[in-house]
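Handing you this structure, nothing more for now.
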Amino acid sequence: MSRPVLLFSGQWADLPLEDLVTKVAEWGYQGVELCCWGDHFEIPRGVREDDYCQHRLDLFAKHDVQPLVLSQHRVGQAICDPIEPRHRRILPDHIWGDGDPVGVRERAVEDMMASIRLAQKLGIGLITGFTGSPFWAGVTGYPTLTHEEVVEGLRTFAELWTPILDACHEAGIRFALEVHPGQVAFDLVSAEMVLDALEGREDFGFLFDPSHLHWQGIDPVEFLRRFPDRIFHVHIKDIALTLNGRTGVLNGYQGPGDSRRGWHFRCPGHGGIDWEGLIRGLNAIHYEGALAVEISDAGMDREYAADEAAKFVKRLDFPPR
Amino acid sequence: MSRPVLLFSGQWADLPLEDLVTKVAEWGYQGVELCCWGDHFEIPRGVREDDYCQHRLDLFAKHDVQPLVLSQHRVGQAICDPIEPRHRRILPDHIWGDGDPVGVRERAVEDMMASIRLAQKLGIGLITGFTGSPFWAGVTGYPTLTHEEVVEGLRTFAELWTPILDACHEAGIRFALEVHPGQVAFDLVSAEMVLDALEGREDFGFLFDPSHLHWQGIDPVEFLRRFPDRIFHVHIKDIALTLNGRTGVLNGYQGPGDSRRGWHFRCPGHGGIDWEGLIRGLNAIHYEGALAVEISDAGMDREYAADEAAKFVKRLDFPPR
Amino acid sequence: MSRPVLLFSGQWADLPLEDLVTKVAEWGYQGVELCCWGDHFEIPRGVREDDYCQHRLDLFAKHDVQPLVLSQHRVGQAICDPIEPRHRRILPDHIWGDGDPVGVRERAVEDMMASIRLAQKLGIGLITGFTGSPFWAGVTGYPTLTHEEVVEGLRTFAELWTPILDACHEAGIRFALEVHPGQVAFDLVSAEMVLDALEGREDFGFLFDPSHLHWQGIDPVEFLRRFPDRIFHVHIKDIALTLNGRTGVLNGYQGPGDSRRGWHFRCPGHGGIDWEGLIRGLNAIHYEGALAVEISDAGMDREYAADEAAKFVKRLDFPPR
Amino acid sequence: MSRPVLLFSGQWADLPLEDLVTKVAEWGYQGVELCCWGDHFEIPRGVREDDYCQHRLDLFAKHDVQPLVLSQHRVGQAICDPIEPRHRRILPDHIWGDGDPVGVRERAVEDMMASIRLAQKLGIGLITGFTGSPFWAGVTGYPTLTHEEVVEGLRTFAELWTPILDACHEAGIRFALEVHPGQVAFDLVSAEMVLDALEGREDFGFLFDPSHLHWQGIDPVEFLRRFPDRIFHVHIKDIALTLNGRTGVLNGYQGPGDSRRGWHFRCPGHGGIDWEGLIRGLNAIHYEGALAVEISDAGMDREYAADEAAKFVKRLDFPPR
Amino acid sequence: MSRPVLLFSGQWADLPLEDLVTKVAEWGYQGVELCCWGDHFEIPRGVREDDYCQHRLDLFAKHDVQPLVLSQHRVGQAICDPIEPRHRRILPDHIWGDGDPVGVRERAVEDMMASIRLAQKLGIGLITGFTGSPFWAGVTGYPTLTHEEVVEGLRTFAELWTPILDACHEAGIRFALEVHPGQVAFDLVSAEMVLDALEGREDFGFLFDPSHLHWQGIDPVEFLRRFPDRIFHVHIKDIALTLNGRTGVLNGYQGPGDSRRGWHFRCPGHGGIDWEGLIRGLNAIHYEGALAVEISDAGMDREYAADEAAKFVKRLDFPPR
Amino acid sequence: MSRPVLLFSGQWADLPLEDLVTKVAEWGYQGVELCCWGDHFEIPRGVREDDYCQHRLDLFAKHDVQPLVLSQHRVGQAICDPIEPRHRRILPDHIWGDGDPVGVRERAVEDMMASIRLAQKLGIGLITGFTGSPFWAGVTGYPTLTHEEVVEGLRTFAELWTPILDACHEAGIRFALEVHPGQVAFDLVSAEMVLDALEGREDFGFLFDPSHLHWQGIDPVEFLRRFPDRIFHVHIKDIALTLNGRTGVLNGYQGPGDSRRGWHFRCPGHGGIDWEGLIRGLNAIHYEGALAVEISDAGMDREYAADEAAKFVKRLDFPPR
């Protein structure tokens, strides 16, 4: 099957985009999911400089690499989250400002709005991202949420995101929320409730990354079966469970690669994801979007990984009957 | 072995204490872990009424039931947590007040201080509770915490709790934090770091409840092995994993008993806890404290459960070599 | 919970009913699921002798044992099955006759009709049984059935059973098909299709016996969740899987107890059924019918088993919250 | 090891043989197991037309593809089965005729006899096929068979097949029954009893296809160990178990690819068969016959699968010590 | 079933026999397997003092406890083992002497001979014990044994034990080797070869203790199936596997109870033995001997354990069909 | 990563070294771990003939194959073992002599000393080998060792090996004991105790071969984590567990390839070792030594295996982050 194989640029934002694109082409990717941080795609410049988008497009064209998807994960997180000190690290200065939560949120919304217009200029039809969550601490901690509190929180989410989704709709762009801990949707039930909260609007769907479901004990293919027409984008990222009685499944206080963790993200094919089942699952729902490799592996050289992963995904992807 | 078998009164606060104590005696428990909500033990009345403590003691004596432990879980949660709407549900009005976070925290600290003095009057040597967490959303969500942010957050925790623990120390009372999601300690690594943050002070230890570790994939006995001299109290509560590909391990948006959950608390002996291993683990560390049954089971009549559990625990507890 | 605990009399038909009922009372059962073979309940005599039903009722009353359910498994099997030599063994002579398939079926239908009238005389509101299957060999063998063939076969089933179910309906009696290999319903999908074939008529439901689902790899509780209002009766029978690489899950050519089998029926509590989950599943659907112990264990004395099982089931059955 | 790698033509009978053979050569197969349906090999034409066999041989020679094995699965099924409507679909008109069971069986036997003579003309030394079963419904359903009934049924089988096997013997041809549900042999015990029923005649052995054993819970290698000198032919077909609590292992009413099934046939290497163990098992019994790939995968393009499978099998097959 | 339930006295040899027998009766055992160390049964006194045996019998009779089996494990070990320093600990001084291997072995053989005569005087028909092994280090270490070396070593074993077994035979006594690491028989293959080395003499069989097979990965019931008529005696001892990635299955350098071990002997019912399967296995081979509880549990008070185990075994043992 | 990939020559000692080296180069290995048996490297000739070492080096240079490690496994075994007949098979005549244990040990020590001097001449910095064990029979058999006996035995080991290690030290050579059943170190605890017995001297470390840990139930990566700076050399050998209820994990009386064994050594990639985890484990400890393939597979042609394994290891080895 000829699904385009992309590299998600988010983990490479320390490299200038041109350096990355050169490598991406060598490794054999057809395109990128372009992140809006580092110098990969700078929203303020796009707003300010008339030719910024065209220069970006020229750069891609020169290397025959397609920017098929625009990622606004970081700024999206600030929209529903209660702002805490740890957000400073992921937000650019022009959004963080003085860190006052009300202002941060407003600037984050503006930035999302700008990115929709710029995507249009780039000819990109899909924005991916996080949404944040108004009550994440209650979803996993204590006191847990009542049904009423969940409904109320999702109403807040819908109020904050509806204008953004309306702008998407007008621009002919779809938005895909990455189903991920810390977001309003992170498992099957939450994804159902989020769709309900948005009254099923069709420009909103999911970025499906099996790694975030696997450690929760969820079979990613069940997610595909449940939402066959809402899978707008796919991340190819692996994960290995390393439970040994002392490690646990929560992220916890240990950083990436720490052997006291209960799971580790891995280069595709080096973890526990059932890729066979996943491709069959995508075939069964007639998914025709891109497969975007996300390199996140604390134990492997990232360039070696990106090179290997491009070959892995192409070998993996077989045509349905 | 003659470890006292208690009932934790927290799930029964809808009943007047006297009704509960009558039942507790009939079921064969030797005592209770007395919660500070409902009418079980009211801190403001204890502060206000000179003979309140004595009346409570008289009530227990009448039924030959011992109040061995005092539980301050709910108010403790408010000390380190960023205060959110969901906290209103667990806090009494005199603490919630207008809900302004700064005031809530101050009143929560005062309440803890008062409970130490009252425990002394009751002749109780152990207070159990939650601590809350300054960064719980970051522990399980996005963005995750850096090592520096963890250290900084635990320093905040230590600053807030040190005066309380000092007051415990002076009163000859120990404090046991329930290792539990949503608290500063919830697994092995976090428990280590919390002890370090408090510089190993000996009046601070853990309330060990195996159910909160089991769903994380952690073997509760490994916790006992790692902290043999910090187990100040034990909850006997069971939990059943019900992963089926569609359910996940996070609490999520589904309430107790919902069949779309990945785990359910259960009456002791009705879930997946390895009680054999647990008793051996407690014997191996020479634990001589109480075993407090916590009845939390969305599928069983609670009085039936409390009755059965008392017998279960007594049958379970065997003497070491 | 006070669900009546019965003994299914089918495996005891070599004993005169009175002998069995005496034992049943001693073992502590409240009643029986009364089979229509041996001398337990003889349809021809019921038809012929006016006082037969009353004499049977007197016998039960004398021992304070209630005949709550009437089992017509064997004759029911002959209604949809292509008749083969092996049917001779389970059918009484007055039904087998010369063994010509058309006649056997007609006489089986008549016998079912008679049993409905007699159940009414006995004051029994539920008949249990098998239905046979017009195409069982194709369900498990070769060539497999096409969707059209399945639909056609189920139409045949519906035609044959509708008059019987109509008679039930008029008599105020419900019929419960035991979900079982060899019948039109044997798993979740087939049970759904059978209900559809009968257009969801409410006098038709299922006899749920977890042992027949377990070896198929099906979680019995999933069956309860799928058909919460169609569980008319429950068999308490256990089963042990003994797969070792050489044994398989099909019944095969080996008889009961042969160690080359892949599974064995067992006395309740001696096999692999998750009884804890089962009781919770029954509680969750508010099942209020009987629990009928079926003793089928090639490795245990049946009287010992029946005695033990009565105690087991009573200990097992706990009240929901 | 240089075992010949074949493609079983049965799943490709919608294509003219010449089209298939062209592809087979391109994919790198050395030969085919030639089925007697579609236009691949037509028994009536072989009987009628003197040069039919030679023309077929010429076609194979032209593409350097060897017809090493002749498959008579479908007609063989009709010899012992009680004939039902579903057989019409697999039988050619000249055998089905008016569908009267006695006539169908007679014509099926004649067809088998003809195929032996034609195999001889083709220079093929091995015929593979099904046998049908006189009592399959009883093997998996209700009432189950007694030992006496099994013995009686196998005697019937031996009577029907002995003349055919005698004809094989005279023609210097061996017959391999595919061990498969719906046939007289489908697991270890049944295979033993079938050999006994034929008094161990050496021209009768088995077509070993691991996929039909795997879902029964049987380790295919145990079959090889048990019958080291009776493995006349091998099918390379994979199978994936997809049990999830709601699906079961029986074929049931769901067709290929339905996600409510408990297993699915798969392209080799895409399922649960332990191919490493299988090759070692074949090496251990010094199997020197062919490896015939059978493409049956509801989720993969069959030409892609056939191409990939040829490479897979060659990579798999390693020489013993 | 009324198999006698015994206590093996070996772990209690620090207590005077009379003290033990008193307890044994209280706990509800019917008898003992009497060890020949401590003061339980002293071979030299039996040889020397005419009335020693009668006094022992009187003691048993007084408490209504039967000495049904005589255990000569320790001295038996010295017969085939290369003698090393560690043997000193288990051998009495009159056998160890100066520790010279030739003399130790001679005295061990004499002691065995004497015990046969004394068993006869006691009216005991079964002696249990170890045999030692001429090449145990090679069975588990390096260099491993060739087939010829195994045969040669078993010939040595047969030469050394044949006179002892001949004496048994003359005395009408059977000898049961405990299948156990360190002995000539420790698994299925070795047990077969040992029987062959003794040419199948019928006075030699096995003491079956499931705990020694379980950690080797062997299903104890398979041993029963393989040697149905050679099970002369049964030990009821449990074992728990505690593999966690760092522990291993070899005994190693860690002593009993060390949490770094991969397994631990346990009081019956507290480990991983499938007792249900075991009783069925014993029933299937019509075993009618005794069930001797062996208390070996580093984590439980031994008197508590012995008391509990007597009840456990009686509850466990059910009659076959 | 550019770790050198070697072939261990020990399994090829039946071939003249030159023949092997020719093949080794063709298969793509960079070097060998050179064994001191067969004609591969003959200590007596090295001692006797001045130019022997240079001739060996010339041979390697001619084929561009590096002799990076010298293996003295066999002679090393004789140093601590109680000498038994089975040792004759692995020892050369000049060491076995008359087989008297005292003399054998002395000659073995001399041979080790000589090999150190010769390694120096060859420019090899690492000798690998076995040590034997003074009490192996007690480690796995009966009577088990007390803590005091273990300490005493390891003291003996240290006394025997210290002079050898001192000679290594002077020669600038390190010695790596293969952690292996039959040696003083065979699991984590024993390896710790051995290091302690040698007071942590830095010229002594381990040859890590995951296959010897896997069947013990130990995760090889845990060994790497425990001894990060003591891994001097690595064997790449695989192993498959074949437990089926009748087989056990002990070596036992069955030879290689016998299907009644519970495990089998395998060509790398054909067994149960988690190679992914292993490479990550080696990366995590910054292991920079060689990866020496050991071909031991009773079911695969050894030349095919050696060829395949060279490619397997190169594909496996990826660079860390």
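Note that the chains are named A, B, C, D, E and F in the order they appear, and that numbering of residues resets to 1 at the start of each chain.
By our rule, a contact is a pair of C-beta atoms (placed from the backbone, for glycine too) under 8 Å apart; a residue touches a chain by one contact, two chains touch by 3 or more.
Source: prediction; values computed, not measured.
For the pair chain C and chain D, chains touching both partners: B, F.
Considering every other chain in turn, the ones in contact with both chain B and chain E prove to be A, C.
At the far end from chain F, in terms of centres built from Cα atoms, lies C. Chain pairs E-F and B-C differ in how many C-beta pairs are in contact, and the one with more is E-F. Among the remaining chains, B is positioned farthest from chain D, on the basis of C-alpha centroids.
At the interface between chain A and chain F, under half of the residue numbers appear on both sides, which makes the contact a different-residue one. Chain B and chain F, compared by their mean Cα positions, are separated by 53 Å. Centre-to-centre spacing of chain A and chain B amounts to 37 Å, using the average Cα coordinate of each chain.
Note on chain placement: the centre of chain A and the centre of chain E lie 64 Å apart, centres being C-alpha means.
Each of the following residues of chain D touches two or more other chains: 219, 244-245. Interchain contacts give a graph that is no line, ring or star and is not complete, per the touch definition above.
According to the touch criterion at the top of this document, the contacting chain pairs are A-B, A-D, A-E, A-F, B-C, B-D, B-E, C-D, C-E, C-F, D-F, E-F. The touching residues of chain C, counted against chain D in their complex, run 77, 81-82, 84-87, 89-90, 130, 133, 135-147, 149-150, 180-183, 186-190, 193, 213, 216-219, 221-222, 226, 241, 243, 245-255, 260, 262.
Across the complex, chain D is touched by residues 240, 244, 257, 259, 270, 297-302, 304-305, 308 of chain F. The residues of chain B lying in touch with chain E in their complex are 219, 225, 276, 280, 283-284, 318-321. Across the complex, chain A meets chain E through its residues 244-245.
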